[in-house]
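The two complexes that follow have subunit A in common; it is paired with subunit B in the first and with subunit C in the second.
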Partner chain A sequence: MSRYFYYIILINMVANIIASVPYILLHFYNDGSISAMIIATITGTIIITVYAKFFIQFPGQTLPDLLKQTTAKWFYAPLIFIMAVVWFFAGMITLITFTFLLIRYLTPEMPIVLISLSIILSVILGCFIKTDRVLYTIEIVLLLTLPLIIYIFLKAYTDPNINWDFVKEAALYINQMPNFESFTASFYLFLGVANLFIFNRFFTIKQKFGWKQIITIFLITVSTLFTTYFVPIGFHGTENIDHLIYPWIQTSDSLRMKYSLIERVLFVFLLFYLCIAFLSMLIHWHVSVEYLKYLFTFEKIKYRGFNLGIFIPPTLFTLISTYFVQVINEYHLFRLSSFLNITLSVFFPFMIIVFFYIKRRMKYAKNTK
Partner chain B sequence: MQKIQSKLLIIFSILFFLSGCEEFKDIDKDVFVSMIGIDHSDDNEKPFKVTLKLFVPTSSFRQKPEANYTYLVETAETISEAIRILETHIDKELDFGHLKLIVLGEELVKENKNKEVLDFLLRRPDIQLISWVTVGRPNAEEIVTMVPKGETAAYPSLYNYFDGNGTESPYIVTMFLFDYRRRMMENGLDPIIPIVEISENESTFTVNKSIVLKNRKTPYELDPLNTFIFNSLSMNVKIADIEVKQGNEHFVAKIDTIKAKNKVKKQGNNKFSLDVNVELIGYIVESQNALNSRDLPKYSKLLEKEAKENLESFFHELQSEGLDPIGFGLKYKAQTFHHKRMSIEEWNETYKNAEVNIKVTASLKSTGSIQ
Partner chain C sequence: MNTQETLLWINEQFANTNELTQKTLEYESKNISYMYIKSLIDKELLQKILLKPFFEMSNMDQYKLYVQALPQYQEISSKEQALLEIMNGNILLEIDNELLLIELKLSKNDAVSSASVEMTIHGSQLALSDNLMTNINLIRSYYRQPTLNIEYMSYGEVNQQKVALVYDSEKVNEQALKLIREKIQRVDKQLISAANQFNNYLNDKRFSLFPQMVMTERPDRVIYNIGGGKIIILEDGSSQSLAAPVVFFDFMITMEDDYHTIVISTFLRMLRYLGFFISLLLPSIYVGVTSFAPEVFRTELALTVAGSRMGVPFSSFVEVLFMLFFMELLLEASIRLPKAVSATATTVGGLILGTAVTEASLASNIMVIIVSAVAISTFVIPVNEMAFAIRIVRFLLILITTIFGLAGLTLGFLVFIMYLVSLDSFGEPYLRVYNYRKSKKRSEGQA
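And now, the complex of A and B:
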């Protein structure tokens, strides 16, 4: 499989650490989080395999392309619109989470609208550029930040203050019925593959997806989930861990680089994660805009020969997110992301049925030709 | 051409966003807090007395190499209120981002106000979780306001006791705020805080005792020897001096490697034993009698005996008081499924009556430069 395929999966996984996933998982630490994580790993690997195997049959074709070829308009138009909204919300939740983090830790004096606008300004770029450019941006930013983020993770694992007894204690909650909300939260990590709906446009050469790829992805997800869940427990214990609103931010604040330029790892961590969050939003909003382009022909809207149409979705995105940034509070944000997780983990397995339908219709179309 | 012009126009208009620095405060409008001392005041209405130590900005090191501080003191009903009042006592914004040391007054710890103080320290996002928690004796204010001789500007000498860069004595317990938090929350791991005192000649600090909070509430003081044993058993301390006084021999062993392993072992039904394995490697630095290299195994045996006696009295003290700073309760939890764990009270009883198996293996490698 092309390395770009791993990037889109990886970003969703790494970006979850600052989102609400660790909060939800740790909230149910004594109520079935661990078994939910195990089940999510298995089902998640299956869903990645099914999605990847489906899309490599149609190199270079996006899901809206396929839907248009095989299904009626009353079916695909609402579906694509719903997907556009879902992707927009996924990006917006990352944006709001990160805006809250910045105002809490980095720039408490700055007005919240200005923070979110300055993030949007860089992200909105993704709505205009082509799909392959988005992937190149991802590669460059990942190359710069990922090694340092992995270094911080290693630092956390080798820190003398991480108490493995806490980790063992938490791991012994394994024999419980899996918790649904924890399951959906950890399942969210695997849904980066859904970005293939649009990004498959880039993979024009036929790809291979065999056991080697499956095992690689499985190992990456297991280590990401393990890090997400157990490192905060090692630093903060299990009792009252649900009191920590941003478990990973507080964990990075518990790390100390004695001889580094900045002793407090928190700031380094926040800056690197700003990059990851930027990529995550870039992907989500890019996909969302691409969906909308299939539904509406924005190029038609012109003012004195100047193409105004392509500015409509980004403007809408900006307006809606700046509105939400101001009205939402932390509790709403967690409820909203929890709700999004639940919808997605029902919605995406259901998409497999659509895949089967498309496959059959495409075969039929080929045969009649 | 026109296209390029319009593009340039857009780029230049973006530059207007860059001028938006008016939302930030200049660094010279901030004043950095280096230590916070929280005391219990006698006033019932205003139980908290907050002392802040502020760095006074100096224009250059050469002009003023010695330390220079300002102090702010206020009593109020809550800590935040005290800080709010203190903000009106100074012309600059108080910045807690560089706060690295928290001194709790001894009275405050005895009055059991730890929950409220911890809540304040954790809730403020600008206070580092890697700041050190200490207990000030006789009170926090005296510790915070004291400047020992030879202190350099911008780095209070009290920091050196804890940061692992200056002195690395095995008698100093380094307790980070996040560690303190998890110990305050967890049942099987008791909080332990170092005590900072002013030494008799009033020119330096002494840090060699510690306070364990029994049941996370009642303070119990550990003397220097027990503090040292605790440190070497569970805080990754590697260097120590052990005085051996057995029979005719009287020597001091310098230990450069300490490996300690603590375990909880199940012995039949609801009976547990605490297994402590300690490995000491080092050499002899001082002796009353002449030593013989051939007898090194014998000296090692003596050291083992001495260490074992000390450890036994340490564990006897811990068990009779029901203190668990090493975290045997947590170790028990870490090896028992959650639905089979006994209740906290049951475990406390079990812990008090548990058998302690101490095994010390010492190997002295040398008698120093002379025999």
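And now, the complex of A and C:
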């Protein structure tokens, strides 16, 4: 499998730490989070395998391409539109979460609109660049940021303040029945593969996807989920951990780099995770805009020969998300993101049925030719 | 093509100058006539290879055969070509009512100069000359492959400068070659004086910040680029050549990298990238940290910075812009000034940027250190054009940081990367990570 395939999956996994995933998981720490995580890991690996196996059969074809070839317009048009909205919301939730983080921890006196605008304006440029360029950007930014992020994780694991007894205690709750909300939250980590819907356009040469790839992905997710869940518990204990709004930010603030220029890891963590959040939003909004391009031909809208149409989706995105940033508070945000998690974890397994249908129709089309 | 008509026509074209020399020789039933431009011709050579044999040989047929056997001999296809070749330093010879061209150009610019822009300690000290043929001679003698292909053309409506495209026809990037040929056809300029101008003429975008071609004066770099499948543009009268397509990393290598041991060159490369990041980000980080989030640095450092800024009446970004502005002025001044004056400029400038500005508390001591660090690390970038582009990006980043703070700086840097990635240089992505182990076969496509 091409290395770019892993990046798409990896971004979603790494970005979960700043999303609401740790909050939801830790909220239900004594109510079935661990068993939910185990189930999510298994189903998640299965869904990644199914998705990847499906798309490597159609090299270079996006899902909208396939849908247009095999299904009727009344079916695919609403479906693609819904997907565009879902991807837009996924990006927007990352945006709002990070805006809240920045205003809370880095620049409290800056107006919230200004902060969110700075993120939106930088991400929106990604809507204009080509799909392969998005992947190249991801690779370079990951190369620059990932080493330090991994260093922070290692630092957290080796910190003297981490108390493994807490971790062991928390692990005892494995016997609880799995909690659905925890399941959806940890399932979210695996859904990066859904970006293949558009990014499959890039993989025009047939890829291999075998046990090696499955095991690699499985190991990466297990370690990410383990880090996401147990490191905050190791630092803060289980008592009242369900009241922490940003468990990972608190955890990173418990770390100190004694001899470095920047003593508090929090700032390094925030700024480097801003890069990851940027990438996550870049992927989501890029996919969303590409969906919209399948539904509407924006190039047709012109004003005095100037192509106005391509600016419509970015402008809409900017307006809607600046509106939401202002009206939403943190409680709403968590409700919204767990609602999104639930929708996604129902929606994406359902897509497998569509895949089967497409596959049969494509086979039929091939045979009749 | 009528010989007399052609001669008349050429005479007409030169009617307004007295540079054209015309002579007729008659001796023992032999006769020739010739015309040339006095200032372009090597007179000794003319005497030795054309005039002396004329008087020595027994008949006209032998002389004609002799002239046609000369390596400088050239056939004539049209009268326009004859005119152009006369202006290139040829002699137009008439024998038995037939026209012949002999190249006897006198070149005063064919000395190979020593490298002055891209200096190295190890490696060759030679640079290209101003003469196209000398340069091609250099390239050919360093790159011994029959596949080395050279296409000549001339550009500039007024000065008709000779331009050459040099590439290895087996290794060349076909798509880029096609694009360059296409774009070079469209070049419509009155005067072309240096190869560097093609960097703009072959660029479709009106405003572009980053160079689309890499400029070099070193023959070894030219060879290295040809071997890598690039296309070289050479021009007569210009000691710089251009190579395309380029990627960002081309601007970060020096030829010396291959001449050092691997550990040393890795170290030097890391140093260079570090310098790149410092020159790009350091001033903005200073603005972001002092004005927006002083708590980011460890307490001692934050206090030192704040203490150093005591008495400075500006906010940090005015301070940074003030100092950087003077640094840029100093840089620009020291390039253009005559050598005798430039020493004064640097001394005066050094005094301002050095101690006086802190004593007058217009800038903090730390700011002075930062500005000098930035200046030094900008010089570390090996190719000048990239260093110029970085200087501009640096100001943009300072502006963004002034408005949006440290988070804005991070995002601005990401946008900078995204911009570089989205650029194209003749069909090649400008910035991407290459896997050199399997550079030939792609494991995925291109969307």
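Just so it is clear, the second predicted complex is superposed on the first by the 369 of 369 C-alpha atoms of A that agree within 3 Å, B and C clash if a C-alpha of one lies under 4 Å from a C-alpha of the other, contacts with A are read in each partner's own complex, and residues count from 1 in each chain.
As a convention for this text, contacts are C-beta pairs under 8 Å (C-beta built on N, C-alpha and C of every residue); 3 or more make two chains touch, one makes a residue touch a chain.
Given the structure is predicted, the values throughout are model-derived calculations rather than measurements.
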{"item": "First, second, both or neither for A:F203, with subunit B first and subunit C second", "value": "second"}
{"item": "Partner chain(s) touched by A:D253 [first = subunit B, second = subunit C, both, neither]", "value": "first"}
{"item": "Contacts of A:I140 with subunit B and subunit C, given as first, second, both or neither", "value": "second"}
{"item": "Partner chain(s) touched by A:S118 [first = subunit B, second = subunit C, both, neither]", "value": "both"}
{"item": "Which superposed partner A:F166 touches (first subunit B, second subunit C, both, neither)", "value": "first"}
{"item": "First (subunit B), second (subunit C), both or neither touched by A:E299", "value": "neither"}
{"item": "First, second, both or neither for A:G237, with subunit B first and subunit C second", "value": "first"}
{"item": "Contacts of A:T107 with subunit B and subunit C, given as first, second, both or neither", "value": "both"}
{"item": "Subunit B/subunit C common contact set on subunit A", "value": "107, 110, 114, 118, 263-264"}
{"item": "Of all residues in subunit C, those that touch subunit A in their complex", "value": "292-293, 295-299, 301, 403-408, 410-412, 414-415, 417-419, 421-422, 429, 431-433, 435, 442-447"}
{"item": "Of subunit B, residues touching subunit A in the complex", "value": "17, 20, 23-25, 125-126, 128-130, 163-165, 176, 178-179, 181-182, 185-187, 189, 236, 327, 330-331, 333-339"}
{"item": "Subunit B contact footprint on subunit A (complex, rising order)", "value": "30, 104-105, 107-111, 114, 118, 121, 160-161, 163-166, 168-169, 172-173, 175, 235-240, 250, 253-256, 258, 263-264, 266"}
{"item": "Subunit C partner contacts - residues on subunit A that touch it in the complex", "value": "2-4, 59-60, 102, 106-107, 110, 114-115, 118-119, 122, 125-126, 128-133, 136-137, 139-141, 143, 201-205, 207, 260-264, 267, 270-271, 274-275, 278, 282"}
